[in-house]
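Have a look at these structures, which come just after this line.
Shared chain: chain A. Partners: chain B in the first complex, chain C in the second.
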Partner chain A sequence: MLAPEPIAVRRRDTRPVLLLTGALLLALGLAVAGWAAGTTVLVTLVRMLVLVAGILAAIAGLGRVARGVRGKPVDVVFWLGMTWLVLILGAAALAPLLPLGNADDSVAGLTSPIFAAPGGIGAEHPLGTNNYGLDVLARAVFGARTSILVALMAVLIGTTVGGLVGMVSGFVRGTTDRIVGILSNALLAVPPLILLIALGTVLDPSIRSIAFALSLLTIPSMVRLARANTITVAEREFVLAARALGAGRVRLLLREVLPNVVLPVLSLAVVMISVLVVAEASLSFLGIGIEQPAPTWGNMIAEGQGGVMEDHPYIVVVPGICLFLTVFSFNLLGEKAQKRWDPRAAKL
Partner chain B sequence: MARRFLLPVLELVAVLFLVSLGVFLLLSLVPGDPAVAVLGEGRTPAEYDALREQLGLNDPLLSRYGDWLGGVLHGDLGTSLVPPQTAVADRIASALPVSLELAVLGLVMALALALPLAMWSAYHQGGRADRAISAITFGLLSMPSFLIGLVLIAVLVNSLGIFPRNEWVRPGDGLGANLSHAFLPALTIALMEAAMFTRILRNDLVTTLHEDFILAARARGMSPLRIMVSDALRPSSFSLVTVLGLSIGRLVGSTVIVEYLFALPGMGKLVIDAANQGNYPVVQGAVLVIAVIYVASNTLIDRTYGLLDPRTRRARA
Partner chain C sequence: MTTPSVPDLLEVTDLRTVFHTARGDVRAVDGVSFRLAAGETLGLVGESGSGKSVLGRTVMGLISSGPTTTVTGSVRIGGHDVHALKPSARRRLWGPEVAMVFQDPMTSLNPVKRVGTHLTETLRRHLHCSRTEATERAVDLLRQVGIPEPARRLRQYPHELSGGMRQRVVIATALACDPRLLIADEPTTALDVTVQKQILDLLGSLVAERDMAMLLVSHDLGAVAGRTDRVQVMYAGRTVESGATRPVFAAPEHPYTEALLASIPNLAHPPHTVLRAIEGNPPDMARPPLGCRFAPRCGRAAAGCTDELPLLVGVPGSAGVTGREVACHHPVGLSAPLEGNRHGR
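Our next item is the complex of A and B:
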């Protein structure tokens, strides 16, 4: 993500110095960020700036510590992102087993306080409650479950269908290729969100049908990528050699072409996950996706509209940060994957 | 010659035909009875039947598609099912300018932000500014546009009270007022695109700056700014133009979201409201119009490569 840091070995960058300054910077950054998050002295804008500055200082400090420990520069942001992904995926997978509050039972929510302020660790509602008295932390975790499940299902469908169709069309060429081209162009001719809204008019707002709708977004670009890679691979000598040895079409596709196409397709799939998480959130934000009271990050953020955000910022901040960090981390992962496996696409 | 021009045009027509068919069929499968959606529940069966007959819902599907497409080709997109029951074409005609203005303003602002940032970043390649810009743009790319919009509202409207919110002034009622109302939504659209553009252009500029003709210009003592603007920018802009084509789809999406967020009477609001009400003629018409504009602008962008780089002109001939 960042341009490589110039590796200049300076004398003052010895291990103890790095550890000490790093730890100091980390502690200071966290302290400043924590103060800015809790204070009511400053106006919102200044508070946000101080918060961001504190977090950046903490990350820089962590980078120094890591460099001191490992003896070489470490991409701290990447590892922080991966830590977040492991945490959120783990929490999403284990959500029903975790000791969480009430996420979506609005009848039981009647007995809970509404818009309770975040109480912190150990409180009954660590991140507060919303206007139905539902627990925001529980909703964020169950929201992660929905958002990530939908995105993963859609990517799985899109990658399998799009990848196979693209491979066949690039391998067979001719009329098949032309028809596949026109069909995927027709899918691309409607802007993604508009396609989703049109589908949302028809489909019932369940996880399965939204995953299906989202998978339609991934198919055309998957087809294109798989097709382009297949065409280059199909001209290589080893494919010709296999053909000369008498391999049939299916065997050629599965044993010779597929192993060479699968890595670029998979790296696009990782990038697609973050695109789809955003798409699902947008749809739910617009009120067309998963419906209340079932939580997703998109419809949680939508709760902040109409003056709620001003009085109870945490209603928007909690799902907003979850969404941002998840998309950010998947983007980091996707960029790394594309750099390694699909150098042509890595430019984006 | 005929092959070169006719084939793409035929493919374009085929694509648009498929889109219209898809839009029509999809929304004809809407669960529930449109007659009930219009009249509400609790009427006599005869009343529903009369309305179905009037809407042509009793005809076979293909003949309905034929009627609809025939109307579309004459500029008649049908009538809204939900009051006010005006012509869909009129609704679109009043909503489209709002969206177009937002999208164009957003695009212009994105380019105005991206060009200097990319040049600054590429010139100081690997430096502190370059790394900061790279980090910020990467972060922005991970922010959905509704989050950017909410942050901007929290900071600029609620905290500083600079900009108005939630109203729309048509350009005819005062350009200044129109622009001050359009600024924040357009900025929301622009920030994400600007991040994308900056990254793309910076990478290409870095490559270009290593070329011999840049060294020659530098040796002749041209100022860095002059080299950037007059020598480096044009040969570095191909990826940008490609991405520009791709970004129009995202631009439409963020315009929809921004219109919803700021409650502006554009195409996005029209489509979302209609989708929520099951008002399918409006959804059909709006989606079709958006698709046509989208395909047309992408085709147009494909044609600009030749203008930018003479080499591709020769390669195509």
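Our next item is the complex of A and C:
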């Protein structure tokens, strides 16, 4: 009888070693990062470098701990990103219920200190106040609400309209297809920022109209993706087989083509969310998006203009980090989705 | 001549399918006629590009006249002239009257739909059954096509099944609405040899059980030989020989049929016998040769063959009426040219 041979494990990769070194690395990294964030000893540039190095060390340590616990490599960056997305989406959704400070009432802000320094957890203004005495943490959370809502609405409109138009034009072909092609190429030919500025002068700066304007950016690429996928799916024999069983055009499109086109379109939609979060921030930074005092990450960053940032860096750093982490996390999610739902891999 | 009391289920008369392409008109099917009664199986054989599959699809009405296609002649299924019907009326024939089994079970099932959904959707649309009725019928259908554990298979996706199982599912969907005519378009080409036999046996027993008519399109003479009542050999869009399967294969009249049969490897031959392939390729259907289309590749071709297109005429047999027809100026079994196959010019 053959007994299964134990698989040799390298000594430095055993579970206790992984847990110990991982925890040490994590603690050390966090300590270095914390010290760098608070210290005044170093020059700003060096402080930033030390901070980043500390964070990277902490992530590497966390990776080792996770590997020790799960027994196999874990994509820690991805899971950190997903944690951030859950946190920020949860906070954005529940913002009115959370015990937050004054986000946009500038009259009530008159009684609060302006440019109060971040007080940390438990303080009245954990992340400080801006020049109207409005609470930066509250503004960051309510800003997330606006930014993500606008991006989600725009992607929803763009995916639905673009996806349907692209599917129909790829399925019907002929004249319809040519007209759709000309229109979507025309839309792609206009530089996006100029299109948005032009729309911004015409439309009133409400969440709805900005979502509409941004959705115009997503429609052409959605049309193209949906059309290309529809054409390859419509050629497959199962569509002919369904037709040979008496299915009409609408049924073929909805029951045979749509389920095969939805996944690649959705994975592009996830990537689009992060593009649109940035686009909305750019518009609001330029002052043609959501207007003050209503907060978005874009107009919060704009508050740092004119020398404010040099004296009160948190005014820019807080919305900047929120923006960076959100876009980064959505990109990670989109990348995973595309890898998982790649139409080339879904060939049965 | 006596007209039969029961009209034939399928009646194809002088069917032509012409595709208008940039290179000119391609006559994929060029004047084909045949009849098929309930309970009968007709084999349609020929090499790739001989127009068999286009013929099958034109018979069904999946290919019909349009901007790039012209279909002339007539196809009558159960008394309905398929190509004269409005598209919506034609769609109602697909399923209850005529259904098709496709070549490749890997691509003819939708990868994102469960096996059960393929079946129940069709059932509910055509037979208007309730959800539970449809599921019961689906289980029953899967059992009929020989799938073990049908209730569990219903919930599986196509990729979870083997090729043979998938082709059984394809057959089950085609049979869902009890069609009177089944068109099997190379149903075994994509399968393993051992599975091929099972699928052909299944189709044969289903035809017998349900008294269906079946049109078996195949390039595999072996598949057609044992399982069809009649056979029609196609070359370059035309019928070159037709008749009862056994005599056609036992004593082919047309040199093409003879060459096709000779190109099958035979286990009785000594090892390393050179396989007798047919030289050359089928003609370019945008520019078919003037006379007999097989003449350029034919060993028996004589001077007249390249000038005049031979017509399909009855072969006189010992018993008189044989139903055997051949389109050749110099048939294999006969020394004298057949009367009546020349155009009266």
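Just so it is clear, the second predicted complex is superposed on the first by the 333 of 348 C-alpha atoms of A that agree within 3 Å, B and C clash if a C-alpha of one lies under 4 Å from a C-alpha of the other, contacts with A are read in each partner's own complex, and residues count from 1 in each chain.
The rule is short, and it goes like this: a contact is a pair of C-beta atoms (placed from the backbone, for glycine too) under 8 Å apart; a residue touches a chain by one contact, two chains touch by 3 or more.
What you see is a predicted model; the values in this text were computed from it and never measured.
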Clash or fit, chain B versus chain C on superposed chain A: fit
Chain B versus chain C as contact partner of A:Glu256, first or second or both or neither: second
Partner chain in contact with A:Gly248 - chain B first, chain C second, else both or neither: second
First (chain B), second (chain C), both or neither touched by A:Gly306: neither
Partner chain(s) touched by A:Gly38 [first = chain B, second = chain C, both, neither]: neither
First (chain B), second (chain C), both or neither touched by A:Pro16: neither
Angular separation of chain B and chain C about chain A, which is computed from CA centres of the superposed model and rounded to the nearest 10 °: 90
Which partner reaches more residues of chain A (counting touched residues only), chain B or chain C: B
First (chain B), second (chain C), both or neither touched by A:Pro99: neither
Touching partner for A:Val327 - first (chain B), second (chain C), both, neither: first
Contacts of A:Glu237 with chain B and chain C, given as first, second, both or neither: second
Lowest C-alpha to C-alpha distance for chain C against chain B (Å): 14
Interface residues of chain A shared between complexes with chain B and chain C: 348
Chain A-touching residues of chain B, taken from the complex the two chains share: 11, 14-16, 18-19, 22-23, 26-27, 29-31, 125-126, 130-131, 134-135, 138-139, 141-147, 150-151, 153-155, 158-160, 199-200, 203, 239, 243, 248-250, 252-253, 256-257, 260-261, 271-272, 274-276, 278, 280, 283, 287, 290-291, 294-295
Chain C-touching residues of chain A, taken from the complex the two chains share: 236-238, 240-248, 251, 255-256, 259-260, 346, 348
Chain B-touching residues of chain A, taken from the complex the two chains share: 1-6, 43-45, 48, 181-183, 185-186, 188-195, 197-202, 204, 274, 278, 281-282, 285-288, 301, 304-305, 309-310, 313, 316, 320, 323-324, 327-328, 331, 347-348
Chain A-facing residues of chain C, complex: 60, 62, 88, 91-95, 99-100, 102-104, 106-113, 121-122, 125-126, 158-159, 170, 173-174, 176-177
